[in-house]
Each structure stands twice: as structure tokens, then as C-alpha cells.
Amino acid sequence: MHPARGFASDNSATIHPEVLAAIARVNVGHVKGYGHDDWTRGVQELFAEHFGADARAYLVWGGTAANVLSLRAACRPWEAAICAQTAHLNVDECGAPEALAGVKLLIAHTEDGKLTAERVESLIERVGDEHAVQPRLVSVSQCTELGTIYTPREVRAIADVARRQQMILHMDGARLSNAAAALGLPLRSVSGDLGVDILSFGGTKNGLLGAEAVVILDPELADGFDYLRKQSLQLASKMRFLAAQFQALLADELWRRCAENANAMAARLEKAVSHLPGLAITRPVQTNAVFATLPRAAIAALQDRFSFYVWDERIGEVRWMCSWDTTDEDVDEFADAIEQELRRS
Amino acid sequence: MHPARGFASDNSATIHPEVLAAIARVNVGHVKGYGHDDWTRGVQELFAEHFGADARAYLVWGGTAANVLSLRAACRPWEAAICAQTAHLNVDECGAPEALAGVKLLIAHTEDGKLTAERVESLIERVGDEHAVQPRLVSVSQCTELGTIYTPREVRAIADVARRQQMILHMDGARLSNAAAALGLPLRSVSGDLGVDILSFGGTKNGLLGAEAVVILDPELADGFDYLRKQSLQLASKMRFLAAQFQALLADELWRRCAENANAMAARLEKAVSHLPGLAITRPVQTNAVFATLPRAAIAALQDRFSFYVWDERIGEVRWMCSWDTTDEDVDEFADAIEQELRRS
Amino acid sequence: MHPARGFASDNSATIHPEVLAAIARVNVGHVKGYGHDDWTRGVQELFAEHFGADARAYLVWGGTAANVLSLRAACRPWEAAICAQTAHLNVDECGAPEALAGVKLLIAHTEDGKLTAERVESLIERVGDEHAVQPRLVSVSQCTELGTIYTPREVRAIADVARRQQMILHMDGARLSNAAAALGLPLRSVSGDLGVDILSFGGTKNGLLGAEAVVILDPELADGFDYLRKQSLQLASKMRFLAAQFQALLADELWRRCAENANAMAARLEKAVSHLPGLAITRPVQTNAVFATLPRAAIAALQDRFSFYVWDERIGEVRWMCSWDTTDEDVDEFADAIEQELRRS
Amino acid sequence: MHPARGFASDNSATIHPEVLAAIARVNVGHVKGYGHDDWTRGVQELFAEHFGADARAYLVWGGTAANVLSLRAACRPWEAAICAQTAHLNVDECGAPEALAGVKLLIAHTEDGKLTAERVESLIERVGDEHAVQPRLVSVSQCTELGTIYTPREVRAIADVARRQQMILHMDGARLSNAAAALGLPLRSVSGDLGVDILSFGGTKNGLLGAEAVVILDPELADGFDYLRKQSLQLASKMRFLAAQFQALLADELWRRCAENANAMAARLEKAVSHLPGLAITRPVQTNAVFATLPRAAIAALQDRFSFYVWDERIGEVRWMCSWDTTDEDVDEFADAIEQELRRS
């Protein structure tokens, strides 16, 4: 019996069959390791198509690594990064930014997980004061950890601040595909075209086995990056199998098809349950996450049958994530169960 | 047309079909991420079978990571690690031991890549002197970067020194399977049973897509290791696909079958060429590597047709690695070519 | 002509003559370096008198170093420190806690620079979650960067939380003498007796040339501290001259005499100006700092003649620090000037 | 009774009276902290006189700190430093280069503690190979830990290699004054004029209380150095008292007078004992250190009366250091004692 599909996380999902097929396809003969093979070279062209001719992609294994490498590439030891309090960098990386990159985070408290140009500017202080870290990088999550998205105009405004202050704009795009799909825009229109200098581009949450990319859009940041990747424990010897995953993701718009399904399933779920008495949607459903409050008894009963996380114990808020492989039936069954539990409680 | 098989590295090889099948087999339904799934739990039992009931395996992506994590688990900031000059830790990890673990290496110069108990002991000095790092860990590579292997007695002698000095014995077993196969011993008989406390157990060079394990044999070293793995950028979200790889490797003796083939192919190659005039085998061929000197013109001509590395430019020494997927025909064709080139030069 | 005494900082002040005399007194003959001399051993007895028989003092050069060493002694790589947003650790150490100790800070926003037991408890979350740093240390500043002091009962309440959570209580006592003098208590009654495990004890701001001490009150934290001090660039070769400074400070109650003068001068200044129209005292004056708002024109005019810092540009708040060497005349002259400027504006 | 003068180390010595007087002289009135005072500005001019108009001096507390700061200023995370096996950086800094600067050392084994251009060049390998650290800095100790000195021509040859390879030349000049005095040259003629880019200039071993300087001769290395010094725990708040020490040292040739005495005393000692049967001078006596072998019984007996270190237990080699305050009588008394002990044994 298969484990059922749930709503815990998009990394609970499977590998997309096209991705697994791509891995099998390159599993022939010997090639040089560490990315010095034709498949890895080939996938660079796909990145250039999607992110612009200057984009250089460095494939890595994990998302935390992509973020930490972005910090290491941009910041000298006394330089700091500005991010939202909810940012993965701040709360879900077990102190890697500080312990491995040595970078202090300057934290903006936000309601919706989104920085604003004003908030960023207010954190740029004590420039030139040797007692204080010097702000060097702004990191925005697109979409955010709360499922919300920045409009292109909002990113651009932050990019303008960054440029004016000679700072680097990093985008944590672990779910960039979901944001681009939601906005109906190409990948470059939500990243490099808006002034993003360096991007953590996610794949694992969108149908890959396990691969992410650091996409460098400001060529100066590429200086020494090969060494940083190796030293940061992220240089895959059998690189062709990471390249194959991205080959599958970026060809034939697989990235968009996967993301659109995940987003559509979240919208379907929201529609099915938002009117239910006792349940309140707590964040705008803009991508593939639904946040809601409901009675604790209902939460407990639902967790017996479906996997998902409680986001905020104090207020009984849950997070329901949809994935590339979530189906209409999955959602409908879950929505029915929610309705029943709410009626019961 | 497929890229031909060569002799550059065992990480130039493919994924073993049983491994790919195992990945596909677990690619169903949703499971919790980060290793909290039944497949990952299941693979722990296999590790216990092979390495002893107390063994705890932490799956990671890369071999450099396994080594660096071992250092981080064992060493406090002022503690140092003893290793051979040729150790991967020392020469092939772009300073990760120093930059990420903050650990100074105390280097033993050796002819054959192997530490000895005496050499280790001679590097344990200035104990209690606050001006000097304090030796805490000894790292042996089994097999070594030169393809040589430690006898069980040799490892045991080093383990005795480590125990006497209250030090930790680490084994870099990126190719442990090749060593165990060569010695005709089970995995635990070449590691934990000899006093190894923490082991980097390789998979990628022996038929996996990309997975290694830190096998902790001294349970005290496991304290906090979950955090270290996450912080060190090595916690895979879709862990089941790493577990599946090790499931395939450790069940049905696949690890041994793969390693035995690689070793046998190296022996076959040595036998075919060692008598050739103009060629000299430079290291004992004990596992899957053949080191040889031959005329530079021959090397150049051979590299036009076959991939392999020059190990030491100064003396014209090459390294030929065999892999799990190297065939008799591959070896014979290569040996023929070597013979022809030697005759020509 | 001498530079006049101002109100910029207590580290703008001179060395107390008794301290300079103590340095001169030990400037005879040769002694072993690095603290292996009788004077350094002797000063340990004074520390034991003032901080309890178990106290072990490690002399260092600077206050940032004392704080960073405390973090390094207490925290493993994945462990975090809780402190107030205003803490020196957070805002005045150029990222040393993160870059050198690798420690993430968990920040409490406070009005008065003081943590509370409740606030500390609210920051202890996600214990056992490998994605999050694990709180290990609480750092309180006594007195705070705002000149306020904790009551013994308040420190004890935080210590109780720390003990219950198996955390370490650190006290940044760069100005501990001022706090103890203000409370009329011995040094141990405001530190170790309240449950403080490790203390940064300041000397430089209280009449020394340049010396601080890490006073370890929980003996377990002393394990390896000698190495940490050396590695953290804080092992003075001519240690006797640091020891002599503390000898002077801790004998004959010099620490209290100096601190009482500084505190009294701040009280005198507050009394002289608090009633003036246009000026508002913004923080309780409990030790040697006076914070006040006054018209910007008055600030500018005063800064032409007296040195002091603007604390908060946005609201026109200044900080006036008194020192061990501030005199009644200094205060009266300054208060007169303030009054004149306020009348003018 | 005063502790007698011995031969353990030049940091066992006292503060030169002119230095202590200089400290007392600036102990008047209030000045801005952290080096923003006229005395600290003034000492920059003295450094410019001695090291050239472009030289910028950053005062710090300790020699290990000066070295680590030099590494941090020059090396990015994947860059390495070449030094001799005997270098203080390698053996006497408790792993600070690795743990704090994250810099791997590439070690040259030497007989006399001196690198050569050839040896440096042989360690510059694998340039452009992402698996290997990239050599970035060469560090020479002048004089060496063995008391030997580089000729200007030798330093120049190493500087030429460094320049050709776009590397930085660092000089650990903890005892640079002794070398310059021995060579009869100005300080700049043994440092910047020979191509040194960054210099750790020692003061503590030559009569100061405790102060060293990082002298930056390549202005590009000064970028961000203020932050590095603060973050590296080396920004003195009462900086005037460090400045005063260097003021005394650099004015009126005190540095040379002190060093010349120390050197002369070593020469006197060598002359007095080198002919004694049973004693062999083991290194050329070029500065203020005398290395010798003598019978173990004689060593033990001498150590009962005089402080000095055994350098190499295995061969019974001792190190006798002379200091700025060593006198003819000290040497003669010691030489007499040596002679008596040798006669006895």
C-alpha cells in the first residue's frame, strides 16, 4: 500500500516521472565528474533561456545551501544581510547563515512575510561605523514562507534601494516557480529583470529528486564561486544527474505545469473550505499554501488521517501545502473531511 | 552515441540499475520529509546489520560533507585532526575542514598514503599547552587515495593509540567497500570492529546516484549530530531517495558485487600491462586503482582516446580507476591500446 | 593644555593613578609570560574574595572579547544566545558573536534594555527541532546599555528560567561595578549569588588602562577555556600588567570608589538639569548615564564645547556618561552650559 | 625581592621606562575612544616616517591577532597561506588561523625557519582547481622563530614570486626590530621596500607593555580593515595608551636601542659559551636568541637557577633569549653558571 498524499509539504511529494526519466536517460557511459560533462553544460543554455544570457547557474543539492552560498558570495566577514523575520534564512536553517557564512542577519518584522523598500531602508544604518555590521545584502523570499507573493513593482522598489545603497539583492526562490506561475510571468520577469543579483532557484519542492540552483545574475558575484561551492560541501561528483533534473524541469515548461497544479489545488482547497463555519483563512492564498485557523479538536482529528503541520500553536493555525502531484480527488477528500470535522466540533 | 567508459574515476560511472530501480520503487505517495519516513527508518536496520547494532547512520549528499561532519562532531574549536598528507581531507576539500569545521590538520608525510601507529603517536605533542591545538581525531582513509589498504591489524594498532590518548578514530571510507571486498571481510570487520568511532561510508563511487553516510559507532558522537547535519547543509528534504539508494546498496550484497568488479578490473588491467616495457606499476594494486609511469608521448596519445588523470606530472605517473561498471572488454581494449602506444614510443 | 573632561563615554577617561602605580610596581625583573607568574596567581585570590571561592578569572584585553569568549565557552555550533535588542553583543560588536563564535542571537525587544523571565521563556522554542538553533545561553547586561539596572530579584528570576531549561546565564558586566555600587551590594551579590554562570567583568570603563575578565562561576565552563582564550586572540604575553590592574581595582575597594563617583556625578547632573524647561530625562538615572532629550540647536551648541553622543537622532536624545574621574566642577560647568543653551533656544 | 632576569623569553621582560613614562604622559583629560584621538593620529606620522608615506598602522593588542588579522585582510575563504613549518602561525596560535580566519596553511619544511623563493613556488600548485585551496599569501617571519634572519635579497626574491603570482607577502615581524638592528637597516628597508604588503610589527617583545601593529603597505588591503579589527576583538577603547607605547618606541630610535641591546647580549652569551666542551651552538646567532645543546644534567641544574626553555627534548637543545633589559652582568653570571655545570657533568 502506498503512503497517501497529504498536505504537509511540497517536499513530501514524489519525483515527477519526466524527471526520473531524464535521470535514467543520462545514465549511460562515463563522463567527467563535478559538472565537466556535456549534460551539465547543456543545462546552462536552458538557464540562459529562462533567466537571461548572463545568468550562470551553479547546481547544488539543497535549498539551505543555495541560500548560504548566496550569502558567502556576497558578504565579507563584517557585512550583514537584511531579511524578514519569517525568512527561511532566519528560522529554518539551524544557524547556518551565522555559523557557516559568518553573516549576521538584520531582521525586519513583518505581518505578511514581505519586506518593503521602506522597511529595508530603515535597517540600513550606522554605515561606516566600525562597531556595527554593514548591510550588504537584502534577501526576499518569492513566494514567502506564508505563501504570499511580491508584485514585480514591489521587488523593483526593493531592488532600487539595494542599488542605491550598493547592496546585493538576493531572492530565495525555493518556490519561485509557484510565484511565477501565479503571476503568469516568465521566470526572468520575476527575478533578474527586476534587479535580482543572485537567486536560490528551487527544484526539489517542484518535482525534482533533490536539486537546487544558485543562479548568479550579477557576474561579479561569480568570482570564486566554484571554490565556494566545493568548500560549502555542495559540489556533486555525479553532476550529470543534477543537470538531468533541471533539464527536465526547464524544458517543456515542466516547472510551470507543476507549479500551476500546486497553486490550483490550493485555490481549490481554499474555495472548498473558506466558507465553512469555524474555519478562517488567515493569509491570502496566492500560491500553493493555505493557512487557516480551526478548532483544535478538528485539527487533531484531521491529523489522524491526513498529514499537515500546525503553524502557530497559540492560535490554532494550520498550514496546508499542495504539491505538483496533488489531485482534485486529494483536495476534495480532504475538504470533505474538514467539513465533517468542523460540523462535529 | 553514449560516452564511452574510461578510467578517470569511479565517480565518472553510472548509477547501478538496481539503485535506480530502488529510487523508482519508493517514488509513490507522500511521506514526511527530512528522514522521518519508513524507508529511512528501514535502512537503519540494514546499517545495523552491516556495522553493528549500535551503529547510527546519517545519510548525506557528499563525501566531503561526511568528512567535515565527522570533524565537527568530534572536535571542539581548539582540537585538531591527524591525517596523511595525501588524505582527501587535506588536499581535495578546498579547505572545508579549516573553513567550515575550524579544524587544523596535523599532517603526516607518508609514502603509501597510510598512517602508522608510530607516526600518529609522534604527532601527538604539546598536550596541555594552550598555545598549540590539541590532537583529538585521527583520520585514516580505507582504502587510501593511492589505492592501498590497511590490514585490520594496522587499523587496530592506530585505534589503540587513539583509545590510549582519548582520541577519536575516523575512517574516510569513500571506498570502504573496495577495501572490504579486497580483504574478503564484512564491512564491520574493517571498521567498527577495529575500533573506528565514526565513519564516512561512501556510496557514490560504488554505484549510487549521490549519497554517502556518516556512520556513528561511538554513540557519544551522535549528540547533536542532527543539528550539525542540518546546519552543514546536508539534510535532504526528500530523504527517502537517499535511503532507497542505500537500501539497494546494502541489500543483496550489491556493495560487494560492485566493489569486487571494480577491484577485479584493476587487477586485470595490471596483469595485462605490468610486463610491458616502458611501463612501471608504481603502487601495489590492492583495490580498484592502477598507478603507473609510462612515456609522456604514450600518455598523451592514450588520453586522446581514453579518459584518465595524470597523477604526478613530474614523473609521468598516471592513475587508472576501474568502476563497478567497467567490463572485461573495456579493460582489454584499453590494455591493447596501451601496448600499442608503448610499442610506438 | 590637557583635553578637557567630557561626557562621551567612561572609556574616554584616564587610568586611575592607583592602577598606573600598580603597573609600575610590578615592572621589575623577569617573570614567565602568559599568566604563569605570581602576580597573576595572586589576583585570582582577589577574584575569589569578590566572586566566591569557585570563581576562576581569565584576564583578557577587551569587553567584546570577554563576551565572545563567554559565548564560545557555552555554545556548541547549533546553539543560540538570547539577549536584548540593545545588548552590546547585538549592536556594538561588528558581528563578532556570529562571525567568530558562530552563534546566532535570538533577540528580545525591550523598552528599557532589560530582559524579563517571561520574555526569555517566550524565546525558548522549537527545542529538539533540528531546523532551528537551540537556545543555550541568556545574556543580561548589568547595568544595561541604557544605564538601567536589574534588581537582584529580576536576575534571579531569569536565572531560574535558565536553570530549568538547562541554559547558561551570562552577564555582560562591562559596568557591573556601577550596578553593584548603585545597589550597595558586593560584586558576588549581583552576579554568582544570583545564578550567573559566566560573567564579563569590566575594568576599562572603571579606571583601568585596558583589561577585562571572564569570570567563570560554573566550573564546567572552564573546560578548555585556556585554549579558547589563546585562540580568540586574548592571551596577553605580559600578563602581569593586566593582573596588576585588577589587583589595584579589587583591592581597597577601588572598583567601588570609582563606580560610586561616576554614579554620583550622573545623579548630580540629573538633579541639576532635570527641571530645566525644554529638557526631559528619558530613562531612569540609576548608574552613570543620563539620557535626555533637548532641542537640536542646544545639542549642537553644547557639542561645540563638550564631547558627548547623540543616542537617537530621530528624537533628539543624547547620552551623557560620567566617569570615575568626573568632578563636581565638571558637572556644574556642564549643567550651567546646558541651562544657558536651553534658555537661548 | 625582585624576580631575577632570565633567558626564557623577551616577553618575560619589563616595560621600558620611556614607554611607561609615555603612557603616564597621555594620562590626562578625556579623549575620544577607539583611536579617534590626537595621540593615535600622531603616531601614524611616526609609522609613515619609519615605513613610508603610504603605510597605515592599525594598533592591536597581540601578535597572534596581528597575524590573524593579516590573513583575514588578504584571504577569501578558499585562499591559503604559505608559511614555514616553524612559523608562529603554524605552531603557536592554537589554530586561530584556521578557526578564526578559516585559512588553510600550506607548510614548507625548512631547516632554518626560512622560506626560499623556490620552496614557495613549489607550493603554488593546482591553481584554478576548485578542489584545492588557492595560495594567496606568503608569510615570512623576520627574524624567524629560530633567531635567524632573511637577507634583504632573500625577502626580495620571495616578494618577486608573490608579485608574479598575484599573491600577498606578509611579514611576521614580532621581532622585526631585532632583525633590522642586526642588519643595520631602517625598518622600511627590511619590510615595505622589499615588497612586503602587510606586516605584523611587534612591540611587546621589545619593551612595550602590550601593543603590536598591523602595518598595511599595500593600500588595497586596508579596505574594511577597521571592521575586521573590531570584529577580531582587537579594537582598544582607550587607544591612546597603545599609541603612547608606539610613540615611545618609534621616537628617538628606542626600537633600535632595545633591539641592539638584546642582540648584543645574545652575541655576548654565544661568545662566552660557544667554546665550552660539551656545549654546541646549534643555530647561527644572528639576533637575540642562542640555541645550544648541552648535557641534560647541566640543563636541569641550570633551570633550577635560571629560567629558559628546552626547545627540543629529543636532542637536549635549549633556547636562551636575551631582552632589551638583559645586562652584561646577567649574561656573565649565566655564562659562568653554564661553565660550572658543564665542568661538573
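Chains: A, B, C and D, in written order; residue numbering restarts at 1 for each.
FYI, a residue touches a chain if its C-beta (ideal position, glycine included) is under 8 Å from a C-beta of that chain, and two chains touch if they have at least 3 such contacts.
Computed from a prediction, not measured in an experiment: that's the story for all the values here.
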Taking each chain's centre as the mean of its Cα atoms, which chain lies farthest from chain C?
-> B
Check: interface with higher C-beta contact count, B-D vs A-D, is B-D
If you average the CA atoms of chain C and of chain D, how many Å lie between those two points?
-> 33
When the centre of a chain is set as the mean of its C-alpha atoms, what distance in Å lies between chain B and chain D?
-> 42
Averaged over CA atoms, how far is the centre of chain A from the centre of chain D? Could you give it in whole Å?
-> 51
Which chain D residues touch at least two other chains?
-> 77-78, 93-95, 99-100, 130-131, 133, 227, 230-231, 235
In the complex with chain C, residue positions of chain A that touch it | 77-78, 80, 91-95, 97-100, 102-104, 107, 130-133
In their shared complex, chain C is touched by residues of chain D numbered 2-6, 8-9, 11-15, 20, 23-24, 27-33, 37-38, 61-65, 68, 93-96, 99-100, 204-205, 209-210, 227, 230-238, 241-242, 307, 323
Within their complex, state which residues of chain C touch chain B.
-> 34, 72, 76-78, 130-131, 133-134, 224, 226-231, 235
